[in-house]
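All remarks here apply to the structure that follows.
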Amino acid sequence: MQFEWIMVPYSLLTLFIVVNYGLLLTALMQKIGARVGRRHGIPIWQNYVDLIKNYGIRSSITHGVMFYLGPVFRLTGGVGLLLFVPTLYGSEMFSNLSFAGDLILALYFIFFGSLGMALGAGESGHPHSAIGVSRGLSQVTTAELPFALAVFAIALQYQTLSVTEIVAAQQGSVWNWTLFTNPLAVAAAMLSFLGSMMRPPFDVVLAPQEIPIGPPTEYHSSYLALMQTNRVIFPIAKIVVYMNLFFGGAATWPVFFLKVFLIYFFSLFVGVVFPRFRVEQSVRWFLVWALPLGIAAILVV
Amino acid sequence: MKDELDKRLDNQPDGPERRGSLKDIPVREELLPRWVKGPEGQEYVVEPLQDYFCQAGPTVQTPAYTRIIEDLFNWARAESLWILGFGTGCGAIEMRPLMTPRFDAYRYGIQWRPTPRQANLFVISGYLSVKTLKRAIRSYEQMQNPKYVVGLGSCTINGGMYWDSYNTIKRLDDYLPVDLYITGCMPRPEALLQGFDDLKKLIRAGKAEGANHYAEHFDWYKANQKRVIKDWDMPDYSW
Amino acid sequence: MMQSLYDRLKDRFNLGEFTGRRADLAFVTVSREQLRPLLLHLRDLEGFTHLVLLTAVDWIEDDTFQLTYLLNDRARARDIGVRLMLPRDDTQMDSIHDLWPTAATYQRELREMFGIDFPDSPRVNEDFILEGWVDIPPYRREFDTLRFARETYPERPGRETHDPATYMKQQLYPDGEDNG
Amino acid sequence: MAEYPDRSQYPAHLPDGSCDIDLSSGKYLKLWQGPNHPGITGNMSVELTVCGDEVVEGRTHVGYLHRGFEKLMERRTFIQCFPIVCRICVPEPDFNEYCYAAAVEELAGVEVPEKANWIRTLILEMGRVNSYLMYLGGQAGAFGQGVIGQWTTYARDLMLDRFEELTGARIYHMFILPGGVRDDLPEGFDQRMEETLREIESTLADVHDTMFRNAVFKKRAMGLGRVDPAWVDEYGVTGPVARAAGVAKDVRSDQPYLVYRELDLEPVIAHESDAYARADVRRRDLLMSVDLIRQVLARMPRKGPVMATLPNVLHWKIPRGETYVRGECSRGEYGYYLVTDGSGYPRRVNVRGPSYTHAMALLEKLIVNVNISDVAGLLVSLHTYPPEIER
């Protein structure tokens, strides 16, 4: 497959749909979380309003060049991840640029945002940012480990690194999904998924009671708005990767919406009544529980 | 509120003479100029107040867009009030019921932000002692324009119960540009919700320009603040 | 109960005035030299192990500060307040932070609010409550908080205050006859 | 875009903290927790020196809420003092009213009607329930478990409804005044109270399941901030903090006041003395308070006056004397030391709040070697309210 110019508007369309869906989905998740606390929660359109407001803040200050680039890097990570995996399997319009990238690139993009954030937040000079960043990097690293192992396991299983081909191999029946052909890898990856969603019990990076609120402490106005945009794109992009690798991908938008919702809901469901782990506790948790699963997944294959 | 403030600014009250210092307050040690050794052995002078802080004051930020965009922004600002999580006084106790099942202010786009950078509404929840006033000013100045201040309770209006206390200020609007007062001791959550509703109306109408007012009359506010805070050992404006 | 305790203490220490307040609470005056031995005795031998509070009262007419050390004996459910009179012009007192570490906090407060100095107490000269205070210590009687507030913090015009007694008189007896 | 400060020479020193530990070694960091910090209990601050993730030194700074109550009361008549005392401690104001009223009554020799004592006990226990519910939410919130705070605040709102019904106010009730209480119980109060109590009990059962049996909560709270029983006397530790250390220190049973002598109560104790034990002691104490409220409502006399006859309070002069009155509030021993000089004004009032010792000396001792993540949890587990430290 070759690059064609028509892919650019198609990709932008994907991005547009995903951003809107993400804005609504995160609000919906917050509402579900609020219901657990017996509240109604925010209006479903609240994220749009917050976004407009933050873009509309008149003044902003900066701490240096990296401070600018941090949110930009982060957004690049999210958008890049989204664009280099096929959003809808088999669709000409929504396969984006997936012909050009493979799983390794996706893994790289997942990490890219955190690194950009680390540089940006470090520049802000706020001690809470620095603490949050160091916590974040150590936790993300250990959380990615089982995921990387799971990815290797299924790459071995399907003998390919191309996301499209992996999805293709899972078509036909529900029983062809990796979820059922390699449950160990999926389990390892889902545990890692919990760790990267910044929800309890693994939200020590943001931890408003301890280091309010971690890396983004100094970010405001448009910087924050950029990060908010990323915050709705990135989880969905990540879920798309998960969906493609483990849950048979999606061929139509309704299936896509449903699967993304369910996978997102998984992290909420687990976390909503939990307190958070301390960073060394969560690192240990990943090493003790998720890592062996990942190794076992490779061994089984 | 703004008209009244302008009126008062025109006939500047000759505040009472600053009382003579009975004891001199030394500048805190870490703010004194000192020699610092760099990692490679070179030495240089550090003057914390000069080097670590920007000396410039705030500037007036005019709405640069067309009317319709400014209206859209104002609507968004009104519907997305992020309160700074700084409970300055006893009013903070009614904040928790406000954000929980019974009253659930999240429904109206109100939420807490733990850092002043991201907040746009500062709720002064009750009396301010001089020590807290100092922190409140710094927190306020770190918020980004446009920002709003709501004074909660009688004690922010005229001192309330603590009218004769030696440690609490009596008029909040001398020190920070207040957009709205909510009366009561203590104001009920319903009153708070009503107050936020009124604040939203002000914002939508484009009347809540406290931050610009602060920038315009920066010297007046600073003079008032310094009259009360005797050990002013921070930069004049905290960026 | 407290009387018998006083009788026992009287033999060992040179005690001043004794005031029995309740069956389980009494106050006794002691001289500066005797304070430490008395506190030690009460703590180690009589079971008054809990320092409830340490505070001062300003008797400006008599030109003295009264320091009150209130001790509690939980096992026998009784309290004793040890009073110590300190001349106002010599406001230095021995620290008891080695008997009760928590006393350091009280002494820090007394230093700030009354200007009573406890030279050996840890961190006693640090700011505790006030910051940038320029006037005399505020809990002293001669410090007039109303005057200070009027001079320092501008008032909002329109506030009315009533002296309750005259106000009530006007309300109850608008014609000016006062039968009470 | 505003100009930004030149930070090219950002040294290891941060300008917001002093450094008596050699900060320039780059090994330590000064970190302020508070006053503008969501993890702090109220408006106070802790100045931390950290090395890596561990706290090397912590210093409590208070005074942000100082209003000078003790001074203000010296220039108010005895009855004028009554409305301001409750402002000293916001989450549980009734203890101020009770201790102040009891101290004044004792010095003035006023006999309080029996029924007023029962109603006072009722109010104090209701306030204790409120305060504990708030604490449970705070403790869970400090470890990131926000949903507990939602549930307990909901339950607390129900109790505030009962307060509102009884006293007309949610927070500052101003109900217990020298001489008795302001009013009798409204009609049907018992029944509505019983419904509220049931709701609180069911919330507590939920809280017990999701918080106290939660593996993560246990992992974080167990072993955090152990108080040595020997420190109880040295540091003036009272209340649940002392009881969690195995010292059955409870004024309600040690020196019963009001009608506690006639009620069945047993001090709740635990021995582990860590944050988890303290939370558990408070939870069980809360259940006991619920039980005490039921006992009071079942046994209290329904007839009789609620207010003693006082002299004209505008000219009320109280003979010279001094006294100390204490009560067991949700944080520990709350007491008023009142000195009168025969005039119409108190000579000196000193408020002994339990947070005074807990948040200052004890906290500074406990906080060393604690992980930064646990500082908020430790602070909350001592259950401190800064206004009663600085008044």
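The chains carry the letters A, B, C and D, assigned in the order they are written, with residues numbered from 1 in each.
Just so it is clear, contacts are C-beta pairs under 8 Å (C-beta built on N, C-alpha and C of every residue); 3 or more make two chains touch, one makes a residue touch a chain.
Note that the structure is predicted; figures quoted are calculated from it, not measured.
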item	value
Whole-Å gap between the CA centroids of chain A and chain C	61
Whole-Å gap between the CA centroids of chain A and chain B	37
Distance from chain D to chain C - Cα centre to Cα centre, in angstrom	22
Chain D, residues touching no fewer than two other chains	2, 4, 7, 37-38, 63, 66, 68, 71-72, 75, 149-150, 154
Where chain C touches two or more other chains, by residue	130-131, 138, 143, 145-146
Contacts with 2+ other chains: residues of chain A	37-39, 59-61, 208, 212
Chain-level touch network, classified as line, ring, star, complete or other	other
Which pairs of chains touch, using the document's own definition	A-B, A-D, B-C, B-D, C-D
Chain D to chain A touching residues, read off their complex	1-2, 4, 7, 10, 14, 29, 31, 37-39, 53, 140-147, 149-151, 154, 210, 214, 216-217, 219-220, 371-376
Partner chain B, residues of chain C touching it in the complex	130-136, 138, 143, 145-146, 148-156, 158-159, 161
Touching residues on chain A, where the partner in the complex is chain D	33, 36-39, 59-64, 125, 127, 131, 200-201, 203-204, 207-212, 272-281
Residues on chain B engaged by chain A in the complex (per definition of touch)	59, 61, 63-64, 72-73, 76-77, 79-80, 85, 100-101, 104, 106-107, 109, 111, 113-115, 117-118, 120, 144-146, 239
Contact footprint of chain C on chain D as seen in their complex	62-63, 66, 68, 70-72, 74-75, 77, 80, 106, 233-236, 238, 249, 254-255, 312, 314-315, 321-324, 326, 333, 335, 337, 339, 347-348, 350, 352, 356-357, 360-362, 390
